[in-house]
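Attaching a single structure in structure tokens format; questions to follow.
Note that the chains take the letters A, B, C and D in the order they are written out, and that residue 1 is the start of every chain.
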Amino acid sequence: MQKLYFGSDYQQAAHPDVMARLMRECTSPYPGYGTDEVCEAARAKIRAACGRSGDLPIHFLVGGTQTNATVIDAVLCSYQGVLAAETGHIATHEAGAIEFGGHKVLPLPQKWGKISAADVRRACEAYHGDDNRDHMVMPGMVYISQPTEYGTIYSRAELTALHNVCAEYHLPLYVDGARLAYALACGENDVTLRDLCDLVDVFYIGGTKCGALFGEAVVFPNASLEKHFFTITKQHGALLAKGFLLGMQFDELFSNDLYARIGRIGVEAADALREGLRALGIDEVIPSPTNQIFIRLKSEVYRKLSDRAVMGFWEQDGDSTVVRLATCALTAKEDVDRLMELLKEEAAHAAR
Amino acid sequence: MQKLYFGSDYQQAAHPDVMARLMRECTSPYPGYGTDEVCEAARAKIRAACGRSGDLPIHFLVGGTQTNATVIDAVLCSYQGVLAAETGHIATHEAGAIEFGGHKVLPLPQKWGKISAADVRRACEAYHGDDNRDHMVMPGMVYISQPTEYGTIYSRAELTALHNVCAEYHLPLYVDGARLAYALACGENDVTLRDLCDLVDVFYIGGTKCGALFGEAVVFPNASLEKHFFTITKQHGALLAKGFLLGMQFDELFSNDLYARIGRIGVEAADALREGLRALGIDEVIPSPTNQIFIRLKSEVYRKLSDRAVMGFWEQDGDSTVVRLATCALTAKEDVDRLMELLKEEAAHAAR
Amino acid sequence: MQKLYFGSDYQQAAHPDVMARLMRECTSPYPGYGTDEVCEAARAKIRAACGRSGDLPIHFLVGGTQTNATVIDAVLCSYQGVLAAETGHIATHEAGAIEFGGHKVLPLPQKWGKISAADVRRACEAYHGDDNRDHMVMPGMVYISQPTEYGTIYSRAELTALHNVCAEYHLPLYVDGARLAYALACGENDVTLRDLCDLVDVFYIGGTKCGALFGEAVVFPNASLEKHFFTITKQHGALLAKGFLLGMQFDELFSNDLYARIGRIGVEAADALREGLRALGIDEVIPSPTNQIFIRLKSEVYRKLSDRAVMGFWEQDGDSTVVRLATCALTAKEDVDRLMELLKEEAAHAAR
Amino acid sequence: MQKLYFGSDYQQAAHPDVMARLMRECTSPYPGYGTDEVCEAARAKIRAACGRSGDLPIHFLVGGTQTNATVIDAVLCSYQGVLAAETGHIATHEAGAIEFGGHKVLPLPQKWGKISAADVRRACEAYHGDDNRDHMVMPGMVYISQPTEYGTIYSRAELTALHNVCAEYHLPLYVDGARLAYALACGENDVTLRDLCDLVDVFYIGGTKCGALFGEAVVFPNASLEKHFFTITKQHGALLAKGFLLGMQFDELFSNDLYARIGRIGVEAADALREGLRALGIDEVIPSPTNQIFIRLKSEVYRKLSDRAVMGFWEQDGDSTVVRLATCALTAKEDVDRLMELLKEEAAHAAR
């Protein structure tokens, strides 16, 4: 029996519709670097989904860390740093890509991966109230992820509060949407693409983890931040020669409601998992409503299961292990069922 | 009639075999970041093609500028720069990606894009003989491209001479092989992959311009230079989450002699073009034996042709225009024939 | 009556002996960039004070932030960061100079500015035990300050423990000795210059805050870290053209026991202040044995005093204010007495 | 007999007036980091010398390379480079300090160290006319030195031409005035400090090579470029804690016409040398009117002289050697006479 994969949301290629589209247009020629008509069409569809017309600059990049590093470097002045949750991807798992660009990540306290407007305000007040502020790194923007690295999401009220404090301190607000489809699709969510356009300065719509083969669409509701972004992308080695590949994928993702459907596939699979886990008495350790589920297993159970199901190791905690289960655009119902059976079986063993 | 594309070698997706392979394995799950078995299989095949066994580290990255910036940053110490032809891609068309990493590109004179061992020696002697060398950027490696940005190639003798001077001055020699397939395939070439492994410290086998959808395989004959390359790749935002996509493509490219065949497709199409151009009395302005052809057209002819054929504008020179024609893995014989007809037609008009 | 200055230890020029030396040798010519004989003589004297002979590389730089940024950049590989107390100077008050060089400051918990060997071990174990460590910034060295930013000092036992854990994880240990004279001179101290040479890889002997006009002497007990430090210094804009000015000052500081005497001047003045403060019932809020004293004053008292005495504002805490008093090589006994009188006077007012 | 020093203009400490001033104010306390009243007074005097009132921001830094790196980093956006003569100090002898900050030095052709407005225009037209400009480093400012590294100077007409082309392309024009005193003082010069304020965006008045112990005064006629320069200076490790030392020196240099007198001392000594050299039939190889003289000596003569006079080796040219003689604020008449005697003596020997 083939191993089950719930280790992450980038372990399979792409949604079949995306693959079919790429196949179909595989041999046609296009201009390079995203200057082609397919990219333009994709941009138009994203703008429509955002409720905007032609004044919304959009660029396509390849991956998440790359996008974060490029956007943050484009937005910040050389003497500024980026405020982020101490657990934010840029603060922990990007191998220092932000510092490579010369900028400090200014860590903020977090709860389940989320920062609060109050903490942003506190950091700004601390900076601006400090007599030594000219010797310190100036906060130059705020980074959040939606959903967060823990699968949690910001409500529209929370995002509005962040927007307000950012506006007050002239800090661009940037949203890392690597898994945005799953935030948009989950029941608890009340933040639409239109809201993002109204409330943040720049965000990206994640493709890699949301049904694309690869690719992220960077959207600039604050168009003034987009100045020379093409060249900055090139300078970061982040400009894909065959940019039309990104255009094709995002054009497909924003046709026939595909991006929304992909979000639902991931969230529904996760919800099915949650229901099964609850039935087994396995609690989630983080209240995530999206495609990531964090649970605690007896380490013995975890070890045995690992041979048959890939799960994300999170941490050892005494004789139990916290693991992450992730679903995605390609998670099949039968895989969810099989994982539940394996868990049931092991739970029964473990209980004996 | 559809427009003809001879503007560059990255205007179409991928060789059909590569696309078919991606389609076939599209829904299977894999571990992330190139740690999967397909990548391992691809590495084994590349090693075999290089006549080496398991001691040859290989990493897969996405694009050329990205690869250059990451490799150069990995090889150099902070106080060193990279010697390169003043026309080298890193010196001209990478938007300062090398400087973004903190390193100076030290320009060398060139002929048709090639540098000589004598000029490398001259630069090293000038540096080491200068009383002020401790105030200067130390040459820390040599960058060349094979073929060059002008389509020319280094012979084994020339490469050996570069190898020798580099060894003498302890300078790693790095080869940008963005279009390597076309160098390997052209009649004039006497440098094999095995020779590259013997003569250079690190090189990359270009995929993006040679039949892959995207991707470059970085090969480290000098394994000591590979230390922490994975993390450095991540730090540069150059680590593809779905690394298996790169593995699949290179596994395919190095199966059934595909990479060699792709090289031949491109070179044969270029040679057919050359023959036609000669018949029309249109001279090549650069003696390139690979997939790039540089010709001078009457600007009037160029303008008219442009509506029906995409060509690469190189420079205006009085009332004539230098253009680049590029073929690739997907150039069809009939497209070459059609371009010749168009040229004939325009040449006839222009002659009248 | 002239205002009293206890605001910091860099508010006056230099110890008279240092000034006299500079005056005396003012018009003699010297080679540039620290290649002169006076610098060599100063190095020899520092080596003697360290109990070492000629195998101890020493470089002279101008200021503290500059020295930290240059040394850390010289020691770290591009993918590494520096472990430091979250209150360390490099983490807070250097305007992102370390990040400007491309490196992350990895914050550690601290007590009165000091980190523990246990916390360094914990950070190393966390990194090396993390499956995702290749996506993270690798700890590449440890930074401490002696005395710390809070005036506290590491004992020989504590430093030995840090040395051991650093050795175990192959982390160079670096000591920022901006105020080293005051650590060496204080009663509680048991760490000599010889101990520093035995226990750390690189440290600097602070001049700017310890009686010099300016200047810091970087000492490399681990000589392998000094490779190309001259060029790296130039690259950082940190190479003083008239390096002999630094040599003269350090030659003077290490003649006739001057550096030790300066340390004692500062510490004795601080101890006199401490005694007076205790008599007034004003407690130190940080147990510092060196030239910095942190006390809590009624904000009303602080405000009134500020007109006549410069003190370092630290923080507002309800209706009291924490201030720093700093002594230095030039603090006069009568100034200490006058400050005590002012405090007595205000305390009497405030008590009424 | 003591060796003569004509090797460079930073081989002696400071003009006696500057030293005396430092001595006099040595023990008075001041606030740190250039926020003191002496710095303010110095700024006012420099403003007066520039014919400006309070709207002219001025910062004091320590050395030339440091100043260039900090100013250029402050002025450029991350994706921009700096146009400079290929012989400019930033292009050759700053160990890659500009690239360390992430920026490319875009080299221009030069004559005796000077670039022309025509060449700046050509570079700008080439960039803006290039279809691939978005893949290239954008020219973001122009760097020149006055006098140049070869001692030559720009006339007001030449500077005006540069100003005009820079204005046309929105390029800030920056003047490295490391040796500005000698340009201002030489007979050929028609560019005053007022002219600099009218024609350039930022420049620095060199202290280190012009009679100060150390220090450079950065002047921003284009005040908008000065935004956050204090913090950028700190980030570059270029902020002197005892900034008042810089203030005292520049206050002295701009009192009693001292800076102008220093310039004259250097130029008059150089002119006396020139006269003597001409009498000996030794030609200058570069038409420099300032404090640097470039001559060709028989290598045999050079070698013999070297034991008794420090000269700057420039290059070997067959059996002759090009050397640089530099005078400065402290060059004594008798030293000039003695050097002439030595040359006469050797010339006589060599002629025999």
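Following the convention adopted for this analysis, contacts are C-beta pairs under 8 Å (C-beta built on N, C-alpha and C of every residue); 3 or more make two chains touch, one makes a residue touch a chain.
None of the values given here were measured: they were computed from a predicted structure.
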Item to complete: Taking each chain's centre as the mean of its C-alpha atoms, give the chain farthest from chain B.
Response: C
Worksheet entry | Interface numbering overlap (same over half, different under half) for chain A and chain B | same
Worksheet item: What is the distance, in whole Å, between the centres of chain A and chain D, each centre taken as the mean of its C-alpha atoms?
Response: 51
Worksheet, complete the sentence: Taking each chain's centre as the mean of its CA atoms, chain A sits from chain B at a distance in Å of 33
Worksheet item: Distance from the CA centroid of chain B to that of chain D, rounded to the nearest Å?
Response: 43
Discussion item. Two-or-more-chain contact residues of chain D, please, as numbers and ranges.
Written reply: 78-79, 94-96, 100, 102, 134-136, 231-232, 234-235, 239
Discussion item. Taking the touch rule as given, give the residues of chain B at its contact with chain C in the complex, in rising order.
Written reply: 73-74, 77-79, 102, 134-136, 138, 228, 230-232, 234-235, 239
Fill in: Residues of chain C that touch chain A when the two form their complex
78-79, 81, 92-96, 99-100, 102-105, 107, 131-132, 134-137, 313
Worksheet item: Which part of chain A faces chain B closely enough to touch in the complex?
Response: 3, 5, 7-8, 10-14, 16, 19, 22-23, 25-32, 62-70, 94-97, 100-101, 208-209, 213-214, 231-232, 234-242, 244-245, 310, 330
